Each structure stands twice: as C-alpha cells, then as structure tokens.
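Shared between the two complexes below is subunit A, which has subunit B as its partner in the first and subunit C in the second.
Moving on to the complex of A and B:
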C-alpha cells in the first residue's frame, strides 16, 4: 500500500497548545505487512496527554450503563391483587382486628404499597464537558499505558481471521482490540476477518466512547480517526459558547 | 379581488410576508412580477407590475458578496489577542510571558486566554474558596509559594491551603482572587 522506503512523518504544529508538552509523538504502524512501524505522528497534548481524571471516567462509565437501563421489576398494589373485594368478617363483635379486605398491605399475600413498578427508567444526561473530559482522560490513560496504537489505515492483505489474530499476538496487542476508523464503511478484508472474532471489533470514530475504550485492552486508531478526534474535541474545548452548550437538560437528580 | 375597506376586514389573513409572484403572460416572453402585499390582510398598497426585459434571462452566480456573510459567522475559538509576551494591553489584560521550564510548575491560560483562578461562594455567608486550576508540574512548590506570598500580605491571618494533585488544582480558603492573579501575573503566567 504505502511506499515503505519513505517514512511517513505526520508532524502537525498545533496552534492552540497551551501545555508543558508541545506535542506527543507516536509510531504509525500498518496492518498490511509484517513491518512494525512505517512512520511517526504528533498528537495534540490537550487530547492525548491530559492528566486522567478517574472520577470523570467513572462518571462516564456509570452513565453509559445507567441511561439505557429499564427496570422491568413489577409488583401488584392492593387493588391489583386478585380477590379482596369482600369484608372478611364484620366490623364489630368477633373479637378480632377490624379489616376491610384480605389483600391489604398488612396481610400476607396482600398488595405491595411502595414496590417497584415496571419500566422504570434511569435516564439522565451527563454534561457535555464531563463527557468530553471523559474521552480525553481515557485516551490519555490508554496512550500513557501503551494501549493506544496508531495505524495508517485498516487495509489488510488477507481476510483470514487467523491473519489478524497472529498479527495481534506477535505485536502483543491485548486479547481484545478495538479498531477505530473515521468512516463507517470499513475495508473488506478486515470486516471479514474480524466478523467471527468476538473480541476484535470495528467502530467508526463517532461511536467512540469511554466504556468501549475501557472494555477493550488495546485501542487501534487510524490516522484519519486521530485527526478527526482532535478536530472535534479541540473545537468543543475551545468553543466560545461552551457554557450554553453545556446546559444539558435531564441532569442527574441526586 | 376587491380592495374596498369593508371587504378588507373579512379577507382571510395571509401569514406570509410581502411576496413576489412570477407569472408568464402570454407568449410575449416577458416575465412579470406581481407584488402581493399581505399586511394583516389589508392591502392599502396598489398592485405593482414590474416587467423584466429578456436580456436578464440568464442567472449568474456571484461570490463577491460572500465576505459579508463570512463576517457574520461566529468564530470557532476565541482569537488570541495580538500582544507581545508580558505586554499590558489598554483593557488591563496581560499577555503571558512564562514558558514551560522557567519554574518547576506551569499554569497555562484557559480557552478564553484568561488566568484559571476562580472563586466559589457556597451558600453560606462567609464560605469562599479560591482555586487555581490547570496547574502542571510540581503543584506543591506553587502551593508553598502562594502560601508564603498570601501570609506576608495578609499577616497575621493564617492561610489555609490545599494542593489537589490528581485534579491539578490548589484550593485556598478565603477570597483572594485579585492577589492570586497578581502573583501569577508577576510570575509571567
């Protein structure tokens, strides 16, 4: 695919960098052949070398799990329980406690007063800033821990599952790998190869999220995905109307 | 349609603004524009007819006016003021002059090119917290220097200060916004 005699140097002079580190550098690899590195890329420090905020990562993971949750637990209230329309014994004279129905919450087998009611949602939205900082923290943590690999493209020589498995094994890419590209139409070979492998997944860059990044041991980004991520995240971090955009409705009620 | 004032009251109100209708009249090849004035259904204005000569048949795409549209599009980021490092602008804004490496710590500006010093006033009368955020490097060294500076300035007041390293911030109990900003500007941040 690429001319392997010329190294691929993707050096970008970042204008908005206000960090101690001007830019981070990473190797650019290829899935096509067995050569380890074909070039180098500079990464923006505001996206890839941020001090990871563990509390924000945790908030994001909890949100991703909870906002989709629909609880189907359901109990019947007193009028819903079968029976209990008749007064069990007269009000006075029997010497027993007074009752009007055998299905009152006081009775065994009676209705539940404040029990769960089906289809209770736990939907809430996290503020935009928290979600963005979640992405930058996770990307920085992955990069710092050497779990972030950058690839020039997802083009592959063969469509055999064994090929990609062996490649990941040789390069010591973790058991689970997430391949991210900037398009949602992936090349043919990698689609077929990873189709049967459950722990190797393909994802477009707009689907990137904290939960998936933590679930997979290794994150493989293409150069296009890296630039697209940087562009979008930096736009949100530097936009003048951030307070307006951050006023997300449906915030979590404590 | 009659234009008497009495019938005007009963005319249905057209919500659309003054519109121009293009109509072809006969085979003469002329285009006629008829204006329909629809101000609350009352037409005080006469129906005007403008004839467009045939020489104006072609449509031309012009990009000469794009600059007037472009200047209305809001900027994507707050532009950096054109000032030399350390320069004091007429508004009072000071351009940063410190470079990472000058000190064991570094405090970059926010996205709006302002110092990252904030005061939080909790809903209790005297509970103020001044925080310096985005502190990189040895935050403890900056904390000690700040403590010394503020203790000297507000002696004999005891300065309570906390360095929160994982969150890259320094929190000071009290309202010291101006003094902290002064200190950071003197350092060149």
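Moving on to the complex of A and C:
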C-alpha cells in the first residue's frame, strides 16, 4: 500500500499515440472502504477511446459462442434403424402401396434422410484484426459508460464476502463485477471473499474477452492489468507483419 | 231391534253429546251449523277430520333438479380455442426451473478466447478449448470429413475394443463416398 499523503499520478507520455486523439484519464481507487481515490492514471487512446464498432462487438460475441460449439444431435438413417430387412407384403396383388421396408423414410418410425448427423462443429476463426478491434471497442464502450474502474491492486482488508458486497454496493459497482489482474495468482482475501459470490469473478489479463466484459456489468482492472493490456494490444496493432498475420489462414490442428 | 237400535243411538248420541260438551272446539273443520245440527240429533256420527298441508314446492326443491340424459357428456366447446382437458384434468406441464446464469461454466464462458492476443502468443484458442472433444478441436467439416477424421484418430482402439462399430463406420464412409462422388454434383455455391 502506497503512502496516501502523496497522490499517485501515473501519467505516461505515450510514444506511439497519435496527437489527434487525446489520452484519457481515470481515477485510481483501492478496495478499501475508508479511502476513496488514491490517484489518477492516463489511458492510451488507441485502446480505451476508440469509437466502438457495434457490429464488430457483435461479430466477436457470435464467434465466441459458435467456434467451440459441438452439436451432438443425431438421427438414424434407413439402414441404421433396427429392423426393416423384410418386404412387408408382396409387390402385387394386395391392393396396397408397394413397399420394400418398414423403415423407409415414408414410414412412421423409419429413418431420417437428411437429418442432423453426429458431431457437427461450427468452428471458424475471426481475423486477428477483427478480434483486436472487438477488444478495443468493448473496452472503450465500458470506459465511456463509467463501467470501467481502475484499482491500484486487489489487496483487501478482510476476506468476508459481505465486505466486498457492501463495498460494491456503496460505490454502485453494478450487480456483477469482473476483477482483472496482471497475474493468475490472486491475493488471498479477495479469492476467499468472491469464492461464494457467483456474480463476482476474478480473471487474469490473458483470459479477458468480449463476452465476459459484456456479461459482467462492471469491469475492475488493476494498474498492472491496464498496462499489460495496453502493451499487448498496441504490440499487435503496430507490429510490422500485421497484414500477413491477419491474412494467414488459421492452421487446423494435426 | 228398535230397542237395541234405540239404545245404540241413544248411547252414540250420549257420546256425541258428551264429546260436544267436553271439547266443543276440538272438532276441527266442523262448522258451527253442523255441530249445532249434531247436538239436537245426538245419534249421528261425525268423522274426525284432520287437515294435511302439502308443501309441494319445498319438497321438489329438496329432491333437487331432475336428472335428465344420464351418461351424456355435454361438449359445450366445439369451436375456437379449446382447453386441453383429459378426464376433466389439465394436461401436465413440467415445473419451470430457471437456469443459473451465474454458474461457474456460464459466468466464465469465453475465458481465454483471446489468449493468443493477450497472452505471450505461444497458446492459441484451440489449444485451450477443453470443452470440445480433442479430436474435434479446430475442425469443421461435413459428415464425410468428420468420419474420416474420427477413423484416423480411433481406428486402432476401435479395432481392438469396438470392431462392429468400426465396421459400421467404414460402411458409412464408403456409402458417403459413393453418394458424394458419383450421385451428387459439387456446385460452387453449395458444398456438401
């Protein structure tokens, strides 16, 4: 915990920022009910003040839902249905319609001709640039709507679930909160406190995604998480082989 | 005869007289004129009259409505929106159980989908898609392609432990090969 008498100003002069769009500023808070704001942080405009593209956000959400989907719906075809080897009645003479098997698709209980078959996957990969823009659009939208809170660290005074519930209620942090930290080993107290609360979740930076950001009302990032996010997104946006990486088709496994 | 009859009449008359004298009002329904006429000729017999009051309407109501058309089911609704009534009971519907939107699976859905961007780049989303069977990760294809992939992955194990299933798989693959290559056309706008 830093000395509270000196204000914490994390003002970074971004080298790779265009001067056209001004850098955004946000308050830095703590997970401590006694202190309100500890300092201020500047956020990179190319990550947090992008004009949100709703169609790209939608594309990302649809992709996240679909690409891991496996449909196990399965129907049996005519040869697979049990029975139906014998001709039910002679071809001619009975006056009835001619049939060769009781499991033809014309019959009730017969096979399905063009029905769903076993494991159907909807796998596809969005282009790299679309996914990056999905992330930046969502982060910008969250920041613009005051649903993005920046916290110095996830250190908490108490490990009671009631403590963090009351804290979120006092600060009007939406019903569902997503805490994002730089590492995947979170501090002890917050882990125990949010363990039983289903709508307050912890996530490392590499696990962040558009769907989770939209599902949770409030997104709480630590300073380390913010800097890591910026570094990663800006690396991909400014890498020299971005067009090549974007155009290369995703290699299937094996 | 006359003496007996006379004595009888006399006794009757005496009885009538005594009755009239004893309870002049007890003879209900008998008019005064009749009673007066009875007194002088005490030999005649006046019957005991009791009046009965019939409560026809009250008894009818007590019996209840008259049962007509016994065993006939009156189907009142014959058109329009019909209620689902089987033996007078509503059809059973399952109890509504809302799904828990914040179960662990649903709360953390989509985690690690951007791990190739936000991680160090060594892992891809298909490497961490643990909910998908490993032989289907990063795969999309029609039934024929899927069965070929399944055979490639599992023919050893299936040959050992599920030989019938492997035979059926091979049969299905052969059938689909014939169908796709000899019976149907490949149009540029529609892949099998």
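Just so it is clear, the second predicted complex is superposed on the first by the 244 of 254 C-alpha atoms of A that agree within 3 Å, B and C clash if a C-alpha of one lies under 4 Å from a C-alpha of the other, contacts with A are read in each partner's own complex, and residues count from 1 in each chain.
As a working rule, a contact is a pair of C-beta atoms (placed from the backbone, for glycine too) under 8 Å apart; a residue touches a chain by one contact, two chains touch by 3 or more.
This one's a predicted model, so the numbers in the text were calculated from it and none came from an experiment.
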| item | value |
| --- | --- |
| Touched partner set for A:212, first subunit B, second subunit C, both or neither | second |
| Touching partner for A:237 - first (subunit B), second (subunit C), both, neither | first |
| First, second, both or neither for A:177, with subunit B first and subunit C second | neither |
| Larger contact residue set on subunit A - subunit B or subunit C | C |
| Contacts of A:20 with subunit B and subunit C, given as first, second, both or neither | first |
| Touching partner for A:221 - first (subunit B), second (subunit C), both, neither | neither |
| Partner chain in contact with A:51 - subunit B first, subunit C second, else both or neither | first |
| Touching residues on subunit A, where the partner in the complex is subunit C | 64, 67-68, 70, 117-125, 128, 131-132, 135, 176, 198-199, 201, 203, 205-212, 215, 228-229, 232-233, 236, 250, 252-253 |
| Subunit B to subunit A touching residues, read off their complex | 74-78, 100, 106, 108-109, 111-112, 136-137, 166-168 |
| Subunit B-touching residues of subunit A, taken from the complex the two chains share | 16, 18-21, 51, 53-54, 235, 237-242 |
| Complex contact set, residues of subunit C against subunit A | 100, 102-104, 107-115, 117-119, 125-126, 129, 131-133, 136-141, 143, 146-147 |
